[in-house]
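Going in written order, the chains are labelled A, B, C, D, E and F, and every chain counts its residues from 1.
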Amino acid sequence: MPFVNIKVTREGTAPGATATTPEQKKALIKGVSDLLFDVLGKPHHTTFVVIDEVELDSWGVGGVTTPEWREQQRASAGLPEKP
Amino acid sequence: MPFVNIKVTREGTAPGATATTPEQKKALIKGVSDLLFDVLGKPHHTTFVVIDEVELDSWGVGGVTTPEWREQQRASAGLPEKP
Amino acid sequence: MPFVNIKVTREGTAPGATATTPEQKKALIKGVSDLLFDVLGKPHHTTFVVIDEVELDSWGVGGVTTPEWREQQRASAGLPEKP
Amino acid sequence: MPFVNIKVTREGTAPGATATTPEQKKALIKGVSDLLFDVLGKPHHTTFVVIDEVELDSWGVGGVTTPEWREQQRASAGLPEKP
Amino acid sequence: MPFVNIKVTREGTAPGATATTPEQKKALIKGVSDLLFDVLGKPHHTTFVVIDEVELDSWGVGGVTTPEWREQQRASAGLPEKP
Amino acid sequence: MPFVNIKVTREGTAPGATATTPEQKKALIKGVSDLLFDVLGKPHHTTFVVIDEVELDSWGVGGVTTPEWREQQRASAGLPEKP
């Protein structure tokens, strides 16, 4: 009876989206449940999946918030600032 | 100094409610704190309880989202679709 | 389909025990599951409970580890040091 | 930069194993990381996966511990007790 | 590659604020990442920090919600009720 | 009343150590509690810190376990294999 918690930043990765879309959530839930069955033989009905979306400025990496981190990575790669 | 995290789907279980009500939250907090005292002797003031409500389509079971899962259960029990 | 995570320090609270006993774990699991049913109507078979025991020196409060904290509390109450 | 926490009971599902094997852990880590890339486009190096194994009697479902739950399920299906 | 999760009640502690401010989040992220580097030598780019803000009435202590707990503490200290 | 959970890989970073040392745990607990006080004004006695150590092969990054990831990083930097 596995429990899987997926934490991602709340932002759009599909065209026009500003958050994880319902279709993406379904794909994550199905994918993780299939994986637990394939690898450990866990029946699907015993696997719980909880997706948490975290605001970009509440997620830190490299000692700064995610938007600052991406700006730093972009700059160090010689790319222009995000408009 | 126990820490208890309760995750439930965000939905109404009291009449007219669309989320866990303040009274239900109080009952959960009191019940868990009493339990920790009764079973392990933990003083009430040392027990923290955090209740997380998770959107229905961010909670998966059986490889699908909670609303889809309930529809499947209903159908397999021969019950009509939820209106 | 609630998920409850109970974190406690690993230590004996029953006579002669050095950790949460199997009976105490059963009582915690039953108590939490009953509570979710009584307060929110959640069927028992949909509630998962996970108990984590944390080493005393990995749990901090008041800026110090749990054993140090208890010693401070004892001293400030004018009680003798724990032998 | 997703963070995924997988909690499973500590028990063997591969022949002769008494816990999740190193190969199974690798398959879970790879599978989850691939999934996050396929569904959300998250680069592999930004995904963390943490696998927690939980003792069977610290995991509750149906108001009882996992071993008791399985015994109940077996009995209600008319199967003999596990030797 | 540490992962740090900070849970606080959602409330203002800066003048005029009703939640943790962006500046406070930055200070928490930087402070925790510096700490992990100073104590364990963990490079900044390998540390993830996630800040969760929890509604006041979803956080319990002493068997009651946080606002009730504070009122109790205030009363027992002989202070007037919060207006 | 903040709750902070620090997850790190179980490995020695101090000379001769194979895990986080008691002194390092104390420094992490003190540092985090000081930070919550400095940034948000949270009194020390209301802050709980829990440190989890995770086995190296239960922590994944880049789609592989931590030891494999480090070997890849070392190789791509032209460094010799770890003896």
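Note that contacts are C-beta pairs under 8 Å (C-beta built on N, C-alpha and C of every residue); 3 or more make two chains touch, one makes a residue touch a chain.
Note that the coordinates shown come from a computational prediction; the quantities given were computed from them, not determined experimentally.
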item: Set of chains whose contacts include both subunit E and subunit C; value: A, B, D, F
item: Pair of chains joined by more contacts [C-beta pairs], E-F or D-E; value: E-F
item: Chain of greatest Cα-centre distance to subunit E; value: D
item: Contact-pair overlap exceeding half with D-F, pair selected from B-F, A-C or A-B; value: A-B
item: Cα-centroid distance, subunit B relative to subunit E, in whole angstrom; value: 23
item: Chain centre separation in whole Å, for subunit D relative to subunit B (CA means); value: 22
item: Multi-chain contact residues (two or more partners), subunit E; value: 1, 3, 7, 28, 32, 48, 50, 59, 61
item: Chains grouped in pairs wherever the two touch, ordered by label; value: A-B, A-C, A-D, A-E, B-C, B-E, B-F, C-D, C-F, D-E, D-F, E-F
item: Subunit D partner contacts - residues on subunit E that touch it in the complex; value: 1, 3, 48, 50
item: Parts of subunit C lying in touch with subunit B, wherever the complex brings them together; value: 1-9, 13, 20, 24, 27-28, 31-32, 35-36, 38-42, 59, 61, 66
item: Residue ranges of subunit B touching subunit E (in the complex, touch as defined); value: 22, 25-26, 28-30, 32-34, 44-45, 47-53
item: Interface residues, subunit B side, partner subunit A - complex; value: 7, 54, 57-65, 68
